[in-house]
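Across the two complexes that follow, chain A remains constant while its partner is chain B and subsequently chain C.
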Partner chain A sequence: MSKTVALTGNLACAHAMRQINPDVVAAYPITPQTTIVEEFSTFVANGQVDTEYVTVESEHSAMSACVGASAAGSRVITATSSQGLALMWEILYIASALRLPIVMHNVNRTLAGPINIHCDHQDSMGARDSGWIQIHCENAQEAYDTTIQAIRIAEDSRVSLPVLVCLDGFIISHAIDRLDMLDDPEVKKFVGEFEPRVTMLDPEEPITVGPFDGLHGQFFEFRRAQELATLGSLPVIEEVGKEYGAVSGRPYGLIEEYKLDDAEIAILVLGSTAGTTRVVVDDLRADGVKAGLLKIRSFRPFPIKQITDALSGVKAVAVLDRSLSPGAIGAPVFQEVRSALYDSESRVPIINFIYGLGGRDVSMAHLKEAFDVLSDIVKTGQVKQTINYLGLRE
Partner chain B sequence: MEDLTEIRWHGRGGQGAVTAAKLVAEAALKQDKYFQASPEYGPERMGAPIQAFTRICPEPILIHCAVTNPDIVVVLDPTLLSVVNVTDGLVENGALVINTDMSPAEVRQANNIEGYKIVTVDASKIAVESIGRAIPNTPMLGAVLKATGIMDLEKVAEHIRSSFGKKFSQEIIDGNVEALTRAYQEARSE
Partner chain C sequence: MASLRELSKKKDYLTGGHRLCAGCGHSIAVRQVLLASEDPVVVGCATGCLEVSTTIYPYTAWKCSYIHNAFENVAATISGVESAYQALKRRGKVDKELKFVAFGGDGGTYDIGLQSLSGALERGHNMLYVCLDNGAYMNTGIQRSSATPKGAWTTTTPVGSVRPGKPRKRKDLTAICADHNIPYVAQASISHWKDLHAKAAKALQADGPAFLNILSPCPRGWRHPSDQTVKMAKLGVQTGFWPLYEVENGVWKVTVKVREPKPVAEWFKLQGRFKHLFAPGNEALLADLQGDVDSQLERILARCESTQE
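Here is the complex of A and B:
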C-alpha cells in the first residue's frame, strides 16, 4: 500500500530517511545545507526515528563523522549541497577507499563565484572521480525512491561503496510535487537490517581502519579494487531497481529510454531537464519528427554498454551538460558519451549543449532548438559546431 | 498537458504568496490533480517584491522549466502594480487577479492595462475582518477560484479545515474559511 502526498523534493528525501531509520546522521545544519536534514531533525526530535543525530561544525566534519560511524558498523545517511560537498572533498575519497556504504543526498547547486545559489551539476561533477556511486533523479518521486534503493546498493556485499543521490537544487529540492510513498513497514522490509562486513568495534576481531600504506605499499591495488567494485555495482543497481519496481510499481534501471526505439535524433540528459525533454519529444513526434530521449540515471558507474546500445539506431545525438569544464573538449557527460561511442560501429555524430549554469532556465524552446540542430545534422550530414550553449546571453 | 494551468503569484515578503502557492497545490492533491508549487528563490526580505508559481493539471506534470507564460497572475499587494510588470508573459486571454479596493475598470484605467480578464477583491479588508490580520493570501485564493474555476470552493474550504486543524485554533480556521468564501462572493471581474 502506498499513499499519495504533496511534498518538496527535500521533504520527500527526509521522509525516505525517516522510513529507513538510519543509525547515525551527521550533518552541518547551516547554508549551503538544505532542508533535508532540517526536516529529518524534526523526526529525531519527535522520537519518530532512533537515529543518533550529530550536528557538527562543518561539512568536512560531517563527512568525517559519517566515516567514523560507518566504520563502526552503523547505517549512515547525510545530505549536502554545493560548497558543502566541496568542503567534504578530502573525506569523500576516504569514505569510498574504506568502502563505507554511506548514503548522501546532494542537492545539485553550483559552486561560486560569482556567488550563486542556484542549480547546476558542477558540484557533483567535481566529485566524479571520488569513488562514490552517483545517481541522478528527475523529480521528487525518483529522489524518494532512489534514497531507499541507495541503501541496498551501497550495502550490497558485491559493492560496499558510498552512494550520492543527486537531485536538482530548487527545481526539485524546494518545489512541491506529487508523489507516492511506500508504507513504513514496506521500506523497512526492503532495506532490511544492515550487516556490516567488518566493524572496528569488534574486540574478537580487531582491525585497523585507514592505516598508512607504507612508502611503496598497495595503494595502486586498492584504487584498482575500488574501480572493480564500482563497475561491479552496475548489475546491482539494475537488480535493486527491478526489485524496487516489484514492491512499488516503479521499476528503475541504469538509464531510461523514452521513444528511442525508432528515433533518428536524440537528446541525452541527467536530472530534471529529462522531464521537460519528454514533453518536447512528444511535441516533435506530433509533428512527425522522430525524436527521442535517453536519460542517464547512473552517472557513476557510467553504463557504457547500455548507452551505446540505446543510441545504436539514432542518426545524431546531443548530450546536455549542466556543467562546464574550462579548457576541455566539451563538458563531462559529453566527453564520456563521445568516448563510449568512438568504439561503436555506428559512431553517430554527437554534439554537446552546455545549459542551465547557475540556475539559468532551460525552456521547451531551448530544447526544441537543440533538436532542430540535430535535424539539420541528419539532413546535411555535417556537424557545424560540436560544443554549443543553450540560453547563453551573447 | 493541454489542460495545464500556470499561476504566478506576486506579493511582498510576509504576505503569504509562497503559502498560497503551496495551499493551492495541496488542495489540488485532495482533488486528485497533479501540481507543482515553487517560490522564486533569492534574498528574501520582509516587504520586498517576491514571486511564487503553481502549476495544476489533471495529468502528470513532466516539465521542470520556469513558468514564463502564466494563465493567471495574482497580485497580493496593489502597490506592486507600479513596481513590477505584472502582465509580463501573461497569456492573451489570461486573468489578472488583484487585491485592491478598486473596481476592475478603475485598475485598468489607473495602470493602462489593455486586454486580459481583470478580477479585483479587497482581500486585505476581508482578511482583517475575518482573520484579524492583513494577510491577504487566503481571500485571494477565493478570488482565484472565482476567476478560474480551477477547483471547487467547498473542497478547498474542506482542505483548509483539515490541514489548518493541526496548527491553528478553531477561530483562525473559521476566519480563513470565511475569508475564502467572502472573497469568492465579493470578487468583481471584467
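Here is the complex of A and C:
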C-alpha cells in the first residue's frame, strides 16, 4: 500500500532515509541540502529512527566518518551539495576504492566563485571520475524512489560501490511536489538487512583496511577492478529498478525515452529539465514536429549501448549540459554522448547546449529554441555551431 | 599497575617486522599504549611514518582491526567506526566490549588534522586519540610542523645565512585539547613507561574522549644515533621541554616532578637538528629558547595550582 503525499524533494529524501533507518548518518548542512539533515534530525530527536547520527564539523569529516562507519560494517547514508561535495573530494575516491556501499544525496548546486547557491551540475560533474555510481533524478518522486533503490544497488555483492543520488537544488529540493510513498514495512523489506562484506568489529577476525600500496603495488589492478565493478552495476541498476517497479508500480531503468520511437530530433538531458522538455515535446508534437526526449538516469556508469540504441533513429540530437568545462570540446555529458555516437552507424549530427548555470532559469522557450536549431540541421543538413548557450546574456 | 613481567605476556597488537626505522619512537609508543587496554582494540591511523611502515600491501603488522583513511581525518574516521559500533551494539548485532584508538603524527594532529580532532573531541565519542609527536613531518622528509621546536632545523626551515631554523614557538596542543573539557588529557613520553602506561589505562577507561600527546623521538629527523631514542625522550622530560602531566576532569596535575630541570642546551646539543645553535653568535637565541621552556613550565604549574582542590 502506498500513500500520496505533498513534499519537497528534500523532505521526500529525508522520509526515505527514515524508512531505511540506516545504522549511521554523518552529515553537515549546506544550502540547498540543509532541510534533508534538519528533517532527519527531527526523526532522530523524536525516536522515529534509532540511527547513530554524527553531527560532524565539516563535509570532509562527514565523508571520513562515513568511511569509518561503513568499513566497520554498518549501513551508512549522508547528504551534501556543492562546496560540501568539493570538500569531500579527497575522500570520495577512498570510499569507492575501499568498495564501501555508502549512499549520498547530492542536492545539485554550482561551485563558487562567485559564490552562488543555485542549481547546476558543476558539483557532481566534479565527482565524475571518483568511482561513485551517479544517478540523476527528475523530480521528488524519483528522488524518493532512487534513495531506496540506491541502498540495494550499492550493497549488491556484484557492485559494492558508493552511490550518489543527484537532485536539482531548489527546483526539486525545495519545490513541493506530489508523490507516492511506500509503507514503512515495504521499504524495510525492499532494502533488507545489511550483510556487510567485512567488519572491523570482530576481534577474532581482525582486518587491515586501507593499507599502503608500496612502491611496486597493485594500484593499477585495483583501479581496473573498480572499473569492472562499476560497469557490472549496469544490469544491477536495471534489475533493482524493475523489482522496485513490481513493488511500487514505478519501474526504473538506466535511461528513459519519451516519444523517441519515431522522433527525428531529440534532446538528451539529466535531471529536472527533463520534465520541462517533456512538455515542450508535447507542444511540438501537437504542431506536427517529430520531437523526442532522452533522459539519462545513470550517468555513472554511462549506459553507452542504451543511449546509442535509443538515438539510432533520430536525425539530429542536442545534449543539454548544466555545467561547463573551460577549454574542453563542449561540456561533460556532450563529450561522452558524442564519443558514444562516434562508433554508431548513423553518426547522427550532435550539438551541445550549455544552460542553467548558477540557477539561470531554463524556460520552455529556451528548449523550443534548441529544438528549432535541430529542425534547421535536419532541413539544411548542416551544423552551424556545435557548442551553444541557452539563456546566456550576450 | 601491571608489572613489566605481566605486560610482557600480554597480547601485542603491533608485531615486529614492520618497516619503521631502527630506533623509531613510534612503535615503542604504540605498544605501550595498546598494552594498557583490557579489551580488544580497533585502531585508526593517519597517513605518516607509522602508517606507511606497518601496512605495506599485502602485509600488515597489525593484529587488531585497523583502518587508514587519509592524512588529516583519522579522528573523524575512528569516530565513524565508533559510531557504527554504538549503532550495531544498540541493535544487538555486536556484543563485545571494544576500545577505539587513533594514532596521528604531529603533522596529522597539530596541523592538518586539528579540525577533525577538535570536532571528534567535542562530539564526545568513546575514543582515545594519541598524537605521536616527533616534531616534524618525518614521513615526507623532515618538514616543519607547528610542533617543531623553535630554532630547529627542518627541510622547510633550513639554517641559512639570515635564518637560524624555525622562527616560531610550538603550538601547545595538549592544552588546546584540555580546553575541550573532555574527561582525560595527558602528556607522556616513551622514556617513562610506567607513567605512560598508567595514563593510557586511564585514558582508555575514561567515559568519553581522551587525548594523549606522546614525545616520540625520530633518529632520522632529530639527527641522533638510533640507539639513543629512549635517552632523547628522557632528556626531553628532564630538561622541562616536555613536562609530564595530566588533566583529569579539568584538574591539572604534574605526574613526574622534575626537581631541578637540566639546561635545555644539554638536550639540544645531542641532536643534529639544533647543531647550529651552538655556533658562535647564537648565544642569545639559545638563552631565548631556555626562556621559552621555563615559561611553558610556569604556565603548566600555574594551571595545576589553580585547578587543584
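Assume the second predicted complex is superposed on the first by the 389 of 394 C-alpha atoms of A that agree within 3 Å, B and C clash if a C-alpha of one lies under 4 Å from a C-alpha of the other, contacts with A are read in each partner's own complex, and residues count from 1 in each chain.
As a convention for this text, a contact is a pair of C-beta atoms (placed from the backbone, for glycine too) under 8 Å apart; a residue touches a chain by one contact, two chains touch by 3 or more.
Since this is a predicted model, take the numbers as computed values, not measurements.
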item: Contacts of A:Ile172 with chain B and chain C, given as first, second, both or neither; value: first
item: Partner chain(s) touched by A:Asp120 [first = chain B, second = chain C, both, neither]; value: neither
item: First (chain B), second (chain C), both or neither touched by A:Pro211; value: second
item: Contacts of A:Thr276 with chain B and chain C, given as first, second, both or neither; value: first
item: Partner chain in contact with A:Glu59 - chain B first, chain C second, else both or neither; value: neither
item: Of chain B and chain C, the chain that contacts the larger number of chain A residues; value: C
item: Touching partner for A:Glu336 - first (chain B), second (chain C), both, neither; value: neither
item: Overlap of chain C and chain B interfaces on chain A (superposed complexes); value: none
item: Sites on chain B touched by chain A in the complex; value: 1, 22, 25-26, 28-29, 34-39, 41, 60, 62-66, 68
item: In the complex with chain A, residue positions of chain C that touch it; value: 40, 42, 44, 51-52, 55-60, 62-70, 72-73, 75-88, 90-91, 94, 96, 98, 115-116, 118-120, 122-123
item: Residue ranges of chain A touching chain C (in the complex, touch as defined); value: 23-24, 26, 50-52, 54-58, 60-62, 64-74, 76, 90-91, 94, 200-203, 206-214, 217-218
item: Chain B-touching residues of chain A, taken from the complex the two chains share; value: 4-6, 117-118, 139, 168, 170-172, 174-178, 272-273, 275-276, 278-279, 361-364
